[in-house]
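Pasting in a structure now, in structure tokens, and then I'll have a few things to ask.
Chain naming follows the written order as A, B and C, and within any one chain the residues start at number 1.
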Amino acid sequence: MIARVPDRRFAGQIARHAVLILTAAFALLPFLWMVSLSLKPPEEIFQANFHFWPTAFHGVENYRVALTAAPMFRFLLNGLLVCAAIFALQLLVCIPCAYALAKLRFRGRDTLFSAVLVGLLLPPQALAIPHFVLLNVFGLLDTYAALILPWAISTFGIFLLRQFFRSIPDEIIHAARLDGLGEFEIIWRIMIPMTAPALAAFGIFSVVAHWNDLFWPLIAVRREEISTPALGILLFRDDEAGQFLGPLMAGAVIIVAPLLAAFLIAQRRFIDGLAVTTMK
Amino acid sequence: MTVLEQDCPRRVDAKASFAMRSGEHGLGWLAVSPAMLLLVGLLFGPVAAVVLFSLTDWQLGSFSFHFIGTANFSTLFTDPTFWKALSNTLIYAAIVVPGTVLLGLVVALLIEASPGLRGFYRAAHFLPVMSTMSAMAIVWGSMLHPTIGLVNRALVTMGMSGVNWLRDERTALLALAVIGIWQGFGFAMVLFVSGLKAVPQQLYDAAAVDGADGILDRLRFVTLPMLGPVTMFVVILTAKRSFEVFDSVRVLTQGGPNYASEVLLHRLYTESFDFLHMGYGAALTVVYLAIIVLLTLTQARLLEQRVHYS
Amino acid sequence: MLDLIATRLGTALAGAAALVAVSATSTRAEVTLDVLYSTPGTFNALQQELAKRFTEANPDIKVKFRNPAASYEEAAQQILRDQITGRLPDVAFNGINQISLFVDRGLGAPLDGFAAADGGLAELGYYPTLAELGKYKGKLYGLPFAVSTPVLYVNADLLAKAGTDVSALPKTWPELLALGKTIETKAGSGATGFYYQWEQTGNWLFQSLVTSKGGRMLKADGCSIAFDDANGMWALKTLEAFGKSGMPNLGLGQARQSFVAGNIAILADSTSYVAAAERQIGGRFQFKTVAFPLAATDGRLPAGGNVAMVFAKDAERQKAAWKYVKFVTGPAGQTAMVNSTGYMPGNEIAVKTPDLLGAFYAKSPNHMTSIQQLPVLTEWASFPGDNSLKIIEVIKHHMESLVTAKRTADQVMPELVGAVSGLLPKCAG
């Protein structure tokens, strides 16, 4: 009787691992393929047999070509700059608004909040044409401003932060007011620290979304110096020649690595951040 | 500064609270004004502009326009490419949403079932979500190459013949859908995991007392019902994202072969920014907007009725 | 933290403002040319090398490249968009077939004056035929930078498996198809006997079929369809035969990758890829190029490739741009170009000078095939009007239906003619 239970549990464990390894393999396969090809010389990429690890290590050459043929680091830097600027702007705009929606009473507050909710439904790509026209009118196309400004407002951010701000008890705010704190100080010294997880989660969403965005940079940008990662890798890929598969994969690795590395280092934060946002 | 001036005379009594409220009023408006300006300038204004464009013959660069009513829309609705893009997008969503949600749910359930290697599995499954789709699409493209790609090589070793995934009309959309599932199921998984964590143990205990003890029973009577809200959220989000598919299409098939993988957003991009048919593009945008908003609202309404809250 | 945000924001905005200011700089002592080219895979290294050498020789002119476009069509789309947003490049390397597209819209500076001031085109060494291709309505708008012709890429090893030799390669399409089938049976799994790059940009390899039979795409007036005749029908039927023979639907890049992997015996493609192919093949099998079969004695082939056009409107920038295009299409530039790609040079001086290219061609017979086809070159047609680019897409889709054996030539011809006519503007008479 007792002996059967461990067997069943053990079999269950094996089954669990078997399935999860399969699904994990599905998730990881493209990454492994990408790395594998990035280390191989052209002959091996095209040969009939397939080994994961190259017989002739060609990684240095491939990565060298990738780094010299296109300014990969520049793309990554642009990604960092643009995402940081976008998030900074978003915080600047969304925090006061979320606070006001959550804690202050003023006429039109509920209408405004409904507007924010409606805004949540709008896919940003649908606004591409008018954004393009607007930026053209101001002569801002093909500049960092074009990459950053359309994203200055985030209805998602307002919504998320408002939910979190609401969860902070009013008594704390009243007490702070009694102590003579101004509204900005209340936001700065109380609200923000208390909702740090939400801010982090918002930050992660924002950065990941804009780092990986292809649609808008494709429309707004023509110059290499300000191209972001998702656009940069396309500059490197060329269907006609198809001659640089090794370096192409190396380029893909370079583009994809930073976010993945950041994720792997701060896994807990990423995943908790996501959990935190869904709970609200 | 007005804020500090208004703070000073504050006292906790009725008169003061009225003063506070009107001060609050002004402060509220001040705090939301940048957001409000941007909401109008970057969100609702542009929406209005797109609707306007769609009803005129305005071309980018010209200064005059005339109202031409619904002419752009009739061009749109009589264009077979539009209908193909619409049906393809629906088919794509019909494959990706259940695939992502189910796979994410199964993986989440398995991960939470036991503590072994949880961290590794979570990280591994979530990696695709973080990756830059345009780069990974290039990688998938090489994996799906008809002769030297990994997928076909595997098929050939198993005795089947390779398929020209991205260039065969019958499989192009399917291949893109698989890539879509690949990218999204880790996200669904994480959401489900957090949902699972929130299910109180007492419910399982209570169910056990009532005789619902086995794995399937627990699933049926406790877990799945409790996951209702999360599932709803995941479904809506995944549906919205599948309607926004663009990167993989642009990078891998450009809508081909022969529009077999053409989707709404890609059509929008091509007509608006490649061919510069602004009127058509605007009309398509309006339709696209309408579809997404309607879809999300309908889903939210439908699912809310069927979800059990604790 | 707010001030941190503010400073960061400030720096970003300042950076943006600086960039806008810098790009607005035009006529100072130093000129920076804004240049656009396509197909970066083929041209990236070359263009950057040429730009470096040019600036070394002309220190007051710098060259800055925009994100290269994936294809000529994409480049054209971008330039048309740029015209509207007022941000045209100074120089662009456009498909030879696109000169009319731009000039009809008021884009492109005539280069006759500049050429004359430098002694004339013949003096500068341009092949007369190719220089002609850069003209439109009597004026010169583009200098030939990289010219290509359609050729057959042949894997001699696979041919040997079927018992043939390259010198005995058949000269008609049905025979080539049959040979391909034989090779497939003899060579076993994974091999494709014959592939035709129907997807080449601008319907180039469809036009090749039509012109190789002595036909034309457009009538002499340049605005009405001419391929609805027997020659055009023959071309469509040939594509239909490709499809019926079970030719797989690979695509530009995939087919080339397959060829260099040794999996295709005969590939009809542009000569532009020859150099890269040789590098990729690395001697693993015997690779030879053979002339594109002409189906009639008066058969011609459309010259592919790109020309350098000047879009700058400001006089100073035009002068700088002329110097640059003269350099890259001149003997030095063309030598570099041939050495790194498979294209033909537009400049005869380069070919005749032993130090430059004279010795090269002796060593690289695969590149010679293209040059030998010079006498039969004709124009690569493009359709007039607003829908010029859309017409290319429409023709491409119809070709695809033929090569995938979904439709027959009899079905496609009327549809194709109807669709294209609908997109053409009324003839100016």
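General observations
The rule is short, and it goes like this: contacts are C-beta pairs under 8 Å (C-beta built on N, C-alpha and C of every residue); 3 or more make two chains touch, one makes a residue touch a chain.
For clarity, every value in this text was computed on a predicted model and none was experimentally measured.
Set side by side, the interfaces A-C and B-C show unequal numbers of C-beta pairs in contact, with more at A-C.
Chain centres computed from CA atoms place C at the largest separation from subunit A. We define each chain's centre as the mean of its Cα atoms; on that basis subunit A and subunit B are separated by 14 Å. The centroid of the Cα atoms in subunit B and the matching centroid in subunit C are 39 Å apart. In subunit C, 84-85, 190, 251, 254, 257, 261 are the positions where the chain touches two or more neighbouring chains simultaneously. Contact of a single residue of subunit B with at least two other chains is seen at positions 60, 148, 273. Residues of subunit A found to touch two or more other chains are 46, 92, 136, 231, 234, 237, 245. Partner subunit B is touched in their complex by these residues of subunit A: 12-13, 16-17, 19-20, 23-24, 26-31, 33-34, 37, 45-46, 50, 92-94, 96-97, 99-101, 104-107, 109, 112, 115-116, 119, 121-123, 125-134, 136, 149-150, 152-153, 155, 158, 177-178, 180-184, 208, 211-212, 214-215, 218-219, 229-231, 233-234, 237, 245, 248-249, 251-252, 255-256, 259-260, 263-264, 267, 270-271, 274-275, 278-279.
By the touch criterion given at the top, residues 60-61, 145-148, 156, 164, 166-169, 256-259, 273-276 of subunit B touch subunit C in their complex. Those residues of subunit B lying in contact with subunit A across their complex are 1, 3-4, 7-8, 10, 12, 21, 24-32, 34-36, 38-39, 42-47, 49-50, 53, 60, 103, 106-107, 110-111, 113-114, 116-117, 119-128, 130-136, 138-140, 142-143, 148, 150, 153, 182, 185-187, 190-191, 193-195, 197-198, 230, 233, 240, 243-244, 246-247, 250-251, 265, 268-269, 272-273, 278, 281-282, 285, 288-289, 292-293, 296-297. Interface of subunit C with subunit B (complex): residues 74, 77, 80-81, 83-85, 189-190, 248-251, 254, 257-258, 261, 263, 389-390, 397, 400-401, 404.
Against subunit A, in their complex, subunit C makes its touches with residues 1-2, 5, 8-9, 12-13, 15-16, 19-20, 23, 39-42, 44-45, 65-68, 70-71, 78, 82, 84-85, 87, 190, 201, 251-254, 256-257, 260-262, 272-273, 276, 279-280, 282, 284.
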